[in-house]
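Chain lettering (A, B, C, D, E and F) follows the sequence in which the chains are written, and residue indices restart at 1 in each chain.
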Amino acid sequence: MKILAFGEVMMRLNPNGFKKMTQTDSMDFSFTGTGLNILAGLAQNGYDTTMLTALPDNNLGKTAAANIRKLNVSDRKISYSGNHLGIYILELGYGGRPSEVTYLDRAHSAFNEWEVSEADLEQALENVDLIHICGIALSTSAISRKNALTLAKKASEKGIEICFDFNFRASLNNEEGMTSLLAAYHEILPLVTIVFGSLRDLQELLKIPGETEEDVVQTFMLNYGIRIFSGTYRHQEGNQKQLQGFVYQGNKKVVSDKITYEVWDRIGTGDAFVAGILTGLIEKWAFEKTVKYGVYNAVLAHTTVGDSPVLSKEFVLNYMEKQVDVIR
Amino acid sequence: MKILAFGEVMMRLNPNGFKKMTQTDSMDFSFTGTGLNILAGLAQNGYDTTMLTALPDNNLGKTAAANIRKLNVSDRKISYSGNHLGIYILELGYGGRPSEVTYLDRAHSAFNEWEVSEADLEQALENVDLIHICGIALSTSAISRKNALTLAKKASEKGIEICFDFNFRASLNNEEGMTSLLAAYHEILPLVTIVFGSLRDLQELLKIPGETEEDVVQTFMLNYGIRIFSGTYRHQEGNQKQLQGFVYQGNKKVVSDKITYEVWDRIGTGDAFVAGILTGLIEKWAFEKTVKYGVYNAVLAHTTVGDSPVLSKEFVLNYMEKQVDVIR
Amino acid sequence: MKILAFGEVMMRLNPNGFKKMTQTDSMDFSFTGTGLNILAGLAQNGYDTTMLTALPDNNLGKTAAANIRKLNVSDRKISYSGNHLGIYILELGYGGRPSEVTYLDRAHSAFNEWEVSEADLEQALENVDLIHICGIALSTSAISRKNALTLAKKASEKGIEICFDFNFRASLNNEEGMTSLLAAYHEILPLVTIVFGSLRDLQELLKIPGETEEDVVQTFMLNYGIRIFSGTYRHQEGNQKQLQGFVYQGNKKVVSDKITYEVWDRIGTGDAFVAGILTGLIEKWAFEKTVKYGVYNAVLAHTTVGDSPVLSKEFVLNYMEKQVDVIR
Amino acid sequence: MKILAFGEVMMRLNPNGFKKMTQTDSMDFSFTGTGLNILAGLAQNGYDTTMLTALPDNNLGKTAAANIRKLNVSDRKISYSGNHLGIYILELGYGGRPSEVTYLDRAHSAFNEWEVSEADLEQALENVDLIHICGIALSTSAISRKNALTLAKKASEKGIEICFDFNFRASLNNEEGMTSLLAAYHEILPLVTIVFGSLRDLQELLKIPGETEEDVVQTFMLNYGIRIFSGTYRHQEGNQKQLQGFVYQGNKKVVSDKITYEVWDRIGTGDAFVAGILTGLIEKWAFEKTVKYGVYNAVLAHTTVGDSPVLSKEFVLNYMEKQVDVIR
Amino acid sequence: MKILAFGEVMMRLNPNGFKKMTQTDSMDFSFTGTGLNILAGLAQNGYDTTMLTALPDNNLGKTAAANIRKLNVSDRKISYSGNHLGIYILELGYGGRPSEVTYLDRAHSAFNEWEVSEADLEQALENVDLIHICGIALSTSAISRKNALTLAKKASEKGIEICFDFNFRASLNNEEGMTSLLAAYHEILPLVTIVFGSLRDLQELLKIPGETEEDVVQTFMLNYGIRIFSGTYRHQEGNQKQLQGFVYQGNKKVVSDKITYEVWDRIGTGDAFVAGILTGLIEKWAFEKTVKYGVYNAVLAHTTVGDSPVLSKEFVLNYMEKQVDVIR
Amino acid sequence: MKILAFGEVMMRLNPNGFKKMTQTDSMDFSFTGTGLNILAGLAQNGYDTTMLTALPDNNLGKTAAANIRKLNVSDRKISYSGNHLGIYILELGYGGRPSEVTYLDRAHSAFNEWEVSEADLEQALENVDLIHICGIALSTSAISRKNALTLAKKASEKGIEICFDFNFRASLNNEEGMTSLLAAYHEILPLVTIVFGSLRDLQELLKIPGETEEDVVQTFMLNYGIRIFSGTYRHQEGNQKQLQGFVYQGNKKVVSDKITYEVWDRIGTGDAFVAGILTGLIEKWAFEKTVKYGVYNAVLAHTTVGDSPVLSKEFVLNYMEKQVDVIR
């Protein structure tokens, strides 16, 4: 099973030990991005994964590629140009204190200024079984939007299954941007068959009508020919937080139990859910098992460092069965 | 709004990662003290703050001053003399395990041996709107007590509002010390109008009679002409800890909800409460909002590293409104 | 009171901050082993403790010895030979995520290849009041098994009280190993008077019959002449974990309350329980106090770093009395 | 003496221990820029320094300001806008191995997109005795060039002495950029009186003719009305590196001895030289002493961490007198 | 150009900052081995490299593989078995103080107990242009010796060029071992065409007669049909250390200049020389350039952290041309 | 051979990586003192060493004791009282930049306020063969001076050889202090037989007359009945630093070669010389070997971290023979 992901790779910088940036003189760094995180999660499970992106043509770009390889994701399709990589600084919250994300300039990153030819995109699709296209790429620049749409068309033409993730961030889009973004949604959605998102995405962005979640989702899936629509609900009672996953397939909806979670590092847990669901689809598990696996993968990702999933399928399946203190 | 604080600045040394001192060969350091912590909290909110203290005349004193500036507190009024700074070592507890504080010699610090002239103290009060005097300074040396009392008199003469904090530490006072301390309380309290403390301070130290907390506090406030008396209650049920704030003004008492808190770094949370209440007073918020803000400021301070508050007014107000996982 | 422990000392390597090994380029190290951990716990309480083991004859062996001395355990009886020390890598879990232990080669460690003479073992027992023999030594090599049994015989001959700990690890024993191990159990148990273990050890390993735990334990104690049999129960409801201790003496069973615990570093907490019970026995406390102390010692050990107990008797007794946030 | 500097502030990220970025997962960070480094050096010596720049309006901007204050440079004139700060990554070289600097996007930093009004610039000049304008600001954007030139005109009108630093970086300028840059040089040089640079700047950029360095410099100084022209020569014999400073005043040239230097952190040493020369000018020392001080300040800056000078005038003067191993 | 290396991969553990193991509680770790280091050096230069080895079938093995990928060396041919990896602890020396290497058990590593089939070895040679076989594999176990010899035969049969490295370590071989090792040398040398070693290897191990180095080497090369014999000389005068490389081809000997070097991390510099020479051979450079490149690659490797070369061909060639302080 | 040392133990705090205190938020800590350093050096060589000192009766005192044991020095004779330990902060210099030592309050340390009975001092001398008394104890307080002199008398009465170290620090003594110090010198010197110091100590402090060093030393040794007088000369030519040792015995003077040294951590190197000379005296080596060993021990101590020697006799002797890069 060969999976390709198209999306931006950023550098994450974070102070350690829940310090604020003003309280330290060093930060940990790692490389992240929805596509990369999902591939890293899939690579843990033995699938062949490849990142399609652009990195700066300097030592930072080389370092990003080295770390991508370390995650067991192939860097063979990465292009190198420009001098800039998107960076975000993460001041992790503890307990009830929210984490704070500070984005530096992202518009001028190698990825967002990457003038790639159609031929090169087409070539990247060779032997690919599944491609993930991150919705953020539709917002960050006109170039990245064009690249994402071209790629979706090429993949669709070749019969490669496309997975799409809304990942909508209000702060990345002004009013003008919203118009382009919606146009892009309307262009890409008919080409894709697996979609990750929330009711809010369907109602507030796409203005899909409907009384209940089920109505809205069914309408959405019919309109665009979507095979799978999946996402999570987050619940909170007092200090206790719970995660629940759902998967729609045709007119069937499967919902997991609410699983209590504890948080060490909050970022990337949604990507872990996606990686979990895709694992279930690849393995052709029952939807009940798939959504359970997705939720547990996400729940465990709250307890690990960094945005990319780092626990294997074997580990997560064991944990679903039985929760122990120590594995020897 | 220009606020001055008079008090000792100490160096805090602490092992990382909840280790005991015997388990490591390095410690983090920072600079702390009730006055400094309160000013740091107020400086976050945009007020003009200045520390009035003495530091050793060596590289450690310079380092302390640099870190004070970093907290956005002015070091212009700091005096340099002697070679010693009070130090405390903090072995942070995790979960139910209590934190352990080890004080090294404090009696011979620059602050506690600071022979400052009345003229210099008077000069420090220029353009000051509010002064905070830490009650610990009444215990740590005869010199610091004299300085604190002189300063209170000068400030009172100039019509500057004085805020006083009992901060009573039994371990800092022997019997003889208690006599001097009580005399000092009787001397300073008539000069001050805002007081932070607890029922225990009024009953056990000042021997104020009364059936109920309300009686005792009212008597105390009337006796000494106190405008505001404020403090916190800590509650614990099972492993769940809760904080609650109160403010007395005249014969009105406002009490906040009990807010559950989680602990990463316990020290300095009382100072965060004080900074929160003073912020409300400066902003002339309703007392209900003020005490709520004070409690939330303190609750969040349990989740941040170090003794000084590091979260802005905007952050805390948002948190009071709505608790999210990530701020992007 | 002079206590000797016989057992393997290993190096523990662990990434910090709950990272996986793949996410970092440095690890903390410390030295550990059931015997060493128990002695470290006893040394906190002022008893004279000595480790009887073999370390490699190189800089790593010297470093282990230095760290053993730092724990206040005497290294005078340590022998140096070979070039290898058992190592385990600990990837600590957070929240519900289990910790992962990766053992490297242990069969060829200095301890497991230590050809020590009977005379040297006998000499090590001089002036010893109590000896702890770790059950793991009966599994790790034929040599270590022989050494453990010889030592037990010598100690028994000299009338030194022997404490034995099953510490059974299925992963260390294949079928053939199980036969030798059981033979060794049958040889050592008649010599020992204090045993730490669980119902599972008695039923599944020794096949002791009985309807109830009490029946099984009584039969076991009678069969082998055991004076004290002690261990813990772990309970979990939702995310809340609780620990409970028990001690059998003659036909009396004392059980502690269930104490809720929070986990920072899970490993070594069983050894902390043992150290606590032995402390109570040495101090001749009532069994109720002894088992309570054992449980609290273990509960607190979950909140401290490393496998060896680091909190003094005074600290734990205070904590049993009253739980405070900060000790100044 | 009040000194203002106008220039960009960047974040420096560097791996520790001479590692390459690929060999670690954490980097130290600090804030730097020619103007800031020079002010930091002057602030060590007791002068009143203020940074005139723009920082991003987010947590990174606040962190930069906090660190600027820690260097004892005032942040009162800093403007906040945009979301980006220039970043450079420094992989420090050891021994003969050169350090590698990787610049990320700088064109879209808050400073380079800072639309500041003439009135605000004028207001920033109040009570200023000396202003430093960094030549890099003439290259990095049309906006920063305009701001620099406006500021120079305003300062000149007010009779404030202007110090200018070529700091030419070929890699920052393409051919078109060179034309604008030269025009800017011709506009700013008549307004300034103190210039730091090299023969290469005068010959290759300004095309000043002359047989010898002395000829070229004299022509340059006469043409533009320059009072002081100063810079350094670097010499290398085998592995031994030496630094030498020069100052031209009118037709007098003073040259220091060649001082051998050892390198721990190479960056910022030129700025330390400038800070040293300006100190001598402010103190009105003899030029011999001034240039000696400048060179020693730079030589010592090679042995300290970070781009900003951290050694006081007293320290450097003592070192010029007598070189000891330890100062107690 | 596809290069395969066969050899053991070990974990290196080292305290930081030139501390001894007794002075710290943490160590850096990385993965190393002659073959891996050489491949890492070649991978920097754009060649396709693959490691042929065995790693333990646990989290440590996975971590090693992740780090191998990070070095841009393929892990596709790695086999997983057993639970042990060879480890060495490096206490780095500073200045004249020698580095100390402590080897833990290596005999029972996955590599040294790897029972690999001939078919698997043969399969690993597919499409390979050049194979490096590390001489250490002839000493560490009978199994590894057999594997190395089998592989050499298969490669020779397929016409793949074989590069061999004596890498003789007296401490790894007792008298009996020496006999087997010499037999293995006699078996493998006729199959290989590129050899790295020293005069000492030829004289003391192989007992090749001859008056001069040239005589001995010529005899050796003729006897075994060696195309290239290469190595280094280390010179020291006072505290100044110099490295010089040589390459024999047929009866031509090319010797580089003596290049002064400074040391930050001494280990792996010989492997950097080999990687440099192989680069020259692959690029078909003149031998003068090749040996110069090899020496500079090694000289620079003394200034970088870790055993594997981390500097690109472009970096080293620039350095050979011109030595600068900073590359921007 | 059992050696006792009497002297103050301090905590050393130092920033890492040659940073100034203002550039970091963490410091390494260790425990030091002339006596402790010398014992640590001797303990490396297998002698039985014991520290006679007072530490604070709190967690810092316990930590100091644990680290003393780690150095293989016995803590059995340590007394616990008070709350303070002397602290010095070390900002390490690099290259020519001097290290900076900042002493915090030392006068009120447990050691300097230690009211120990004569009986306890006498008891500490049991079975002691050699005692080292640090001259600093004669300056730091009247109590420590009294203790040192009492101890010297007791030791002398018991026929225990006494080693004395001037260790004069001008900054620790005002004029009045100098009078007491000289009186103490006159009292202690007749009791001691081994003295470490310099010509400056004899001439400037004791005012011993003489034309040449030899004259002065001979007069000194005759006057006070000194058996051994030893010390070092430091030479510098350009950037090259050299150390040379001397030993006077009777009228024989032995001088070592000048040995070039490189510096990583300068402090404690004089104590390493003393430990080296005492080793030679204990081993009854020829004076030529003894002084050579002392110098090499000190030269190597410049390359190791911390104040206490960490290299064994075997290591140093090998180094004296042959200087290699790596010991495997």
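Keep in mind that, in the parts below, a contact is a pair of C-beta atoms (placed from the backbone, for glycine too) under 8 Å apart; a residue touches a chain by one contact, two chains touch by 3 or more.
Owing to the predicted nature of the structure, the values given are computational and were not obtained by experimental measurement.
Visitor: Using the contact definition stated above, find the chains touching both chain A and chain B.
Guide: Per touch definition, common to chain A and chain B: C, D, E, F.
Visitor: Report back the single chain whose CA centre is most distant from the CA centre of chain C.
Guide: Ranked by distance of C-alpha centres from chain C, the top chain is D.
Visitor: Going by the average position of its CA atoms, which chain sits the greatest distance from chain B?
Guide: E
Visitor: Express in whole angstrom the distance between the two chain centres, defined as the mean CA positions of chain B and chain E.
Guide: Distance between chain centres: 62 Å.
Visitor: For chain A versus chain E, what separation do you get between their C-alpha means, in angstrom?
Guide: 41
Visitor: Nearest whole angstrom, what separates the Cα centre of chain C from the Cα centre of chain E?
Guide: The mean C-alpha positions of chain C and chain E differ by 43 Å.
Visitor: Chain E: which residues touch two or more other chains?
Guide: 16-17, 20, 22-23, 25, 30, 66-67, 70, 100, 103, 263
Visitor: For this assembly, give the contact graph shape among line, ring, star, complete and other.
Guide: complete
Visitor: Within their complex, state which residues of chain C touch chain D.
Guide: It comes out as residues 23-25.
Visitor: What does chain F use to touch chain C in their complex?
Guide: 66-67, 69-72
Visitor: Could you pull out which chain C residues touch chain B in their complex?
Guide: 16-17, 30, 70, 240, 260-264, 299-300, 302-306, 310-311, 319, 323-328
Visitor: What residues on chain C touch chain E, complex-wise?
Guide: Listed in rising order, the residues of chain C that touch chain E are 13, 16, 20-22, 25-30, 56, 58-60, 62-63, 66-67, 83-85, 87, 89, 91, 100, 102-105, 107-109.
Visitor: Help me check something: in the complex, which residues belonging to chain A touch chain B?
Guide: 17-20, 22-23, 93-101, 103, 169, 171, 234, 236, 238-239, 263, 266-267
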